[in-house]
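Note that the chains take the letters A, B, C, D, E and F in the order they are written out, and that residue 1 is the start of every chain.
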Amino acid sequence: MNQLLLKKQLQEFLIEDIGTGDLSADLFNDETEISASIVSKESGLFAGYEVLNLGYGLIDPSIQTSIYVKDGDYIEQGMVLAEIRGSRTSILKGERVLLNLLQRLSGIASVTAKAVSLAKGRTRICDTRKTTPGLRMLEKYAVRCGGGYNHRFGLYDTVMLKDNHLAGFSSIQDAIETARKKLGHTVKIEVETETENQVIEAVSAGADIIMFDNCTPEEISQRLRYVPERIVTEASGGIELDDIDSYARTGVQYISLGFLTHSNKALDISLNVKGAVKA
Amino acid sequence: MNQLLLKKQLQEFLIEDIGTGDLSADLFNDETEISASIVSKESGLFAGYEVLNLGYGLIDPSIQTSIYVKDGDYIEQGMVLAEIRGSRTSILKGERVLLNLLQRLSGIASVTAKAVSLAKGRTRICDTRKTTPGLRMLEKYAVRCGGGYNHRFGLYDTVMLKDNHLAGFSSIQDAIETARKKLGHTVKIEVETETENQVIEAVSAGADIIMFDNCTPEEISQRLRYVPERIVTEASGGIELDDIDSYARTGVQYISLGFLTHSNKALDISLNVKGAVKA
Amino acid sequence: MNQLLLKKQLQEFLIEDIGTGDLSADLFNDETEISASIVSKESGLFAGYEVLNLGYGLIDPSIQTSIYVKDGDYIEQGMVLAEIRGSRTSILKGERVLLNLLQRLSGIASVTAKAVSLAKGRTRICDTRKTTPGLRMLEKYAVRCGGGYNHRFGLYDTVMLKDNHLAGFSSIQDAIETARKKLGHTVKIEVETETENQVIEAVSAGADIIMFDNCTPEEISQRLRYVPERIVTEASGGIELDDIDSYARTGVQYISLGFLTHSNKALDISLNVKGAVKA
Amino acid sequence: MNQLLLKKQLQEFLIEDIGTGDLSADLFNDETEISASIVSKESGLFAGYEVLNLGYGLIDPSIQTSIYVKDGDYIEQGMVLAEIRGSRTSILKGERVLLNLLQRLSGIASVTAKAVSLAKGRTRICDTRKTTPGLRMLEKYAVRCGGGYNHRFGLYDTVMLKDNHLAGFSSIQDAIETARKKLGHTVKIEVETETENQVIEAVSAGADIIMFDNCTPEEISQRLRYVPERIVTEASGGIELDDIDSYARTGVQYISLGFLTHSNKALDISLNVKGAVKA
Amino acid sequence: MNQLLLKKQLQEFLIEDIGTGDLSADLFNDETEISASIVSKESGLFAGYEVLNLGYGLIDPSIQTSIYVKDGDYIEQGMVLAEIRGSRTSILKGERVLLNLLQRLSGIASVTAKAVSLAKGRTRICDTRKTTPGLRMLEKYAVRCGGGYNHRFGLYDTVMLKDNHLAGFSSIQDAIETARKKLGHTVKIEVETETENQVIEAVSAGADIIMFDNCTPEEISQRLRYVPERIVTEASGGIELDDIDSYARTGVQYISLGFLTHSNKALDISLNVKGAVKA
Amino acid sequence: MNQLLLKKQLQEFLIEDIGTGDLSADLFNDETEISASIVSKESGLFAGYEVLNLGYGLIDPSIQTSIYVKDGDYIEQGMVLAEIRGSRTSILKGERVLLNLLQRLSGIASVTAKAVSLAKGRTRICDTRKTTPGLRMLEKYAVRCGGGYNHRFGLYDTVMLKDNHLAGFSSIQDAIETARKKLGHTVKIEVETETENQVIEAVSAGADIIMFDNCTPEEISQRLRYVPERIVTEASGGIELDDIDSYARTGVQYISLGFLTHSNKALDISLNVKGAVKA
């Protein structure tokens, strides 16, 4: 996590919501200090420690935040996750944006954890680039909190040769050779395969990662025989929670799941004001 | 929709994904021109015309985009939504980010349309501030595409007096009077009520909108009797798709649904390259 | 007021003036600590507490700022408004930008207060969107400091149907119905009227606010008879300080004044260095 | 003028006003094309050609803008300054922000021209750093349009030794020598003087510019005798329009006027829609 | 190369130089159109096609740019690299910033090409993270133009375990296992080694890349025997042009050179105005 | 130096390198506190105090930085320049970017000092606008640290009439008169001359600074006779370290050197971790 980038993003998110001012919270005349709890209203995995830790400080440096959970912790319904103490106006101003983030990140961590547990340690669960625009760093962080792994972060850090790329070369071998000729030693090359022949060709051309795209578990089991141990394997393409077990049994090393981030269900987390703090 | 703001956001989203360059698409030596289709792989409502219209132009002004659907159109599985023609490198570079947005916005429009149809015209469906940080303008636009209505856009455009705000005043009347004394004539005041007494008090204090928070349909039916016609009513708080019919039958005017935006399921849309264009 | 946004604006304003460095203040070799006063050289209303409070901290966190007035306070010529203590270099660097803002905001508050006093409590004074580009939040804040009210903050938070909008519809009724059909319950609809018939039509179509544009006090008095109590009324269009009394006597509820912000006269405020602080 | 910077500023200003969308203009269903005129409702000097030229293009590249005046032109009440043709929605969206700028800049140009004419060619009129934060480039441009001259643009391009700076040195000579020792040959050094002795000292120390701060015309006449021709002279400090003639008669070369920019009166300019364009 | 990001950077660079306006070029009254050539005054490799291609368009879209060379082309002293035609004012405004970039990038490409030729195809030359802050994308692009390869782009795309990282683990094996446990399959792990034992340990722990840091060619030759073919090897640490041959002879696969970017010598390129274009 | 601008630049530079997170440093589980030294591995002049002072604070406010040198100090090989104490993760994250800046700035200061010493006090050494895009403020600061002087900071603060500008006027006199007519009293006018006649013309037209462009020392000696004392003189154009002595002997007042910033050799500075701090 890059805290400097996170701070910059939190500032933009808070400004998006507060705009020219909080018409409701700015009605208070006094500077009453209150105490409030962040409470989970649903069980799942928590993610978003830094969001909470940095977020309120940006709004008002005098707010004190005590967080009782760590990223990746299992939280039960009704648990107090954190306590916030400070100016009522400031606490109410930041509530919605910070909860929106906590709920989304914890939702991603929770569904990732579910996927991980369904894989029973046989295979690793990873994400895709199907993240919410603007939130890639945070959403991929949440996947890690849930026990998942990150696939590439963007177009800039790994080569992925999909069918539309391969169509531009004479063969998989041509494509991989071109990549090796142009790119340095820190970049891995992944090839998306749809047929047995493509797997064989990708192996012989020296791919670092072979992805089985839209294949059945049976097809994958079959084709894994062509893949030597040094090459990483990945199953991808419309795999749902119910499919994980059968894919995991094939022995494929990674299963990438777009829905972890593109179809997130928020984990219900709310802020309860406990009342004014007596001086 | 503010196109200037949208362009700025699209630039940031594209830079988030492309980073220092697209390692894969930049492998192509030639400048092959291809033709590609945007195809729906699932039925639902389309949203995101401007995203597609402006997005590819930002990456490469020479790309031609023909879009065959309008925002809010019902699209069937397999339909060709748009055709893109231009440099293969540029089309592949923008694919993921633009699809991520189209899928998210169309997903929101689609679930909104489902909620709207369940309300059978008895009540209006509206959104909340539980949107994805950074995407409020776009997600609220998608709700409109689905036939829903927008609740306030931020803390800056409507007063919402929740329990945590009311706790800072001697009474609902005190809170509303304070707001009227401080705020101009373009701002509406909404009061969140949890009890019958609060409804009565909010009506007598002159609230513009009364929200029934976490109330059963029965409670709402009961309490609507105290609300004169000039005051708008809204049901809120954990209402799911299955609950819409019973809430709609109460006669409440708006039902606000957080899940429209906080727990979005992406609509499956993809880009199919049709091949190189012959010169 | 959104402090996060204010900080961002102050940073940009300070960078605009300091640029690549303060050639004069950077001549000092030593780090002499000085004490300085912010003094009003003219009577009026003060506005800009947060500007002063946050501004010097951005330049140099070690500067101590003691502010003796609150926003909206009447300040007499010669009054010490604040005392600043810290590095001479830092205090001189920020002087001009912060005074530019204080003078402008206090000027707006002062002229607003004059308008408010001329209205003798009969009507409320409000601003317009004729603010300085880039300073809308601050200038509208200053209007409130002077006892005025804010009209809409931008095109995004209230519908205003002017003649140029109405020309696009078959009638005022058509325009309002279209707006009601498309927009949610938190948005008010204001209609600009120039004739008696338009007033009657706007009332019957259910406008929330009726603006009398470029009407004489007599015309307004006449036309107010058609407007029921639940509809807010506003006089607008080239009204000057001298006209306020006669408009206020009509019983119209709001008078909006473009000159509050578009033709501001700065209130004279300056910084006096009192000398080096002895260690 | 830096057009790249101007574009960036215009984008920010338009986004400030349009926010998440123009609720009123976005009500139109059709894409009616209209024609509109920019008309002066007051006589004065025009400034803002580039604002108009670039501004509408940022909102909608298909808008055609024909501008009939040049910056610095005298415009009479009722003159058509420009014609705009394009989508009604787009034209209405940009109207207020662009007019706000045109009015402010033309107001500055007009008052500058008045000051210039009062100086009757005996002395040059210049501005100060008392500009609106965020608008320095534009406001100083407007001063030039009115026939005035620009004083320094910021703390970064000229040394100005005011009393608070001089207090940090043993003498004016010490201050100037320090500056000459530290700064290169492209930077001029101006010294603010309040007494005859300071003038004499500044001359002998080799100042490039001598400012007479808060001096009467008589004092200036007296002290100019000590200033050789190669040193530029400037009168400053609370000089109003009525004082210009007597200051100009002293033979001082520049008179700097803070009110040109800090207390601007907008020139009244408006946009008149002429109606739909027939296809 | 990410053109969107490049445009954003070019805008900032141009604004840094032009500031509030080009005092010299803005002196011209007319809009004379001129023709100018970009000429190399030194032999070397060219890099910066997109800088030139996009740069002038940002300043003035009417400028026509014809570029006669491609990135990576060898250019001889006196060659005309490009011709620019358009407004004199605009061409002079952009000259310095664009040349600064072309000179720097071509300088990097040229020295890289020299290093590549010294390696005689025995080993690849690559860069480091010792790039100029703000210019990483462009400088790493220039290295590729010169025939070199890119090492990691930042801390975010490859694991590099240096001595300071290894000090935080019980052993190299512990460090690599920790990385494998936490990180996905697209990330390579490089280990910096200083001793023979570290090489042996890194090999057995499964490093993807082994870097020989500050080792002599003899040490590297010796230690390469422990490294199986599937692991990439890299020599690093203060290697100069004169050392390349002896390092290349060791059989190490990559030599990384900090000086390619941290101690760049600009290639001399200038703009010659050929005169006004006759209408 | 503008600290606010520097902070903004440092944030961008750090984000460029850290991106979505530091894959290596984020492997540490614990929050070990370490102590590290910044050490010079080469002799030269130090520049970059504020970079170090502000930089680590941006990454992690709990890091303590003790800097033992001032900008412009001569540092010997092996000297400890600063000590850093704090979280190992944070210290390693910022290392490369901060060293990249320190090395570049100290390299510039060092070569400037060399040039200054070669001039033996006979003439001043100054920089040009051939700085790295994005780093002008910092690089020009480094030139001052080395005892050099700054030429203009951008196109906005001094008029420089080069051959390409002069070509647009009927004569040097015409150009200077135009500039004097348009520009205020704080701006100096420099004229680039290539012939004796141009020098004579520039003197008689009242240039403030005369630059001898691409002239031999002999030519300059010859032509200096035409230049009265009040006009500053500058030699420019491809002057290298070896040429300084002969140019300095001519009596010219400034020698401007592009290579100070366009062909910088980094000064070798590194960070040595001393180990974990015992609690």
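Details
Keep in mind that, in the parts below, a residue touches a chain if its C-beta (ideal position, glycine included) is under 8 Å from a C-beta of that chain, and two chains touch if they have at least 3 such contacts.
Everything numeric here is computed off the predicted structure, so don't read it as measured data.
Homomeric contact chain A/chain E: same residue numbering on both sides for over half of the interface positions.
To find the repeat of B-E among A-E, A-C or D-F, check which pair has over half of the same contact pairs by residue number; it is A-C. Chain geometry summary: the mean Cα position of chain C and that of chain F are 43 Å apart.
Work out the mean CA point of chain B and of chain C, and you get 32 Å between them.
The distance from the centre of chain E to the centre of chain F, each centre being the mean of the chain's C-alpha atoms, comes to 22 Å.
Residues of chain A in contact with two or more other chains: 2, 18-22, 136, 153, 156-158, 182-183, 187.
This structure has the following touching chain pairs: A-B, A-C, A-E, A-F, B-C, B-D, B-E, C-D, C-F, D-E, D-F, E-F. Chain F contributes residues 9, 12-13, 16-25, 27-28, 30, 32, 88, 92-93, 96-97, 100-101, 103-104, 107, 129-136, 153-165, 167-168, 175, 178-179, 182-183, 187, 258-259, 262-266, 273, 275 to its touches with chain E in the complex. For chain C in complex with chain B, the touching residues are 2, 124, 126, 144, 149-153, 156-158, 182-188, 190, 209, 230, 232, 234, 253-254. Note for the complex: chain B touches chain D at residues 1-5, 8, 136-137, 140-141, 153.
Considering their complex, residues 11, 14-15, 18-22, 26, 58-60 of chain B touch chain E.
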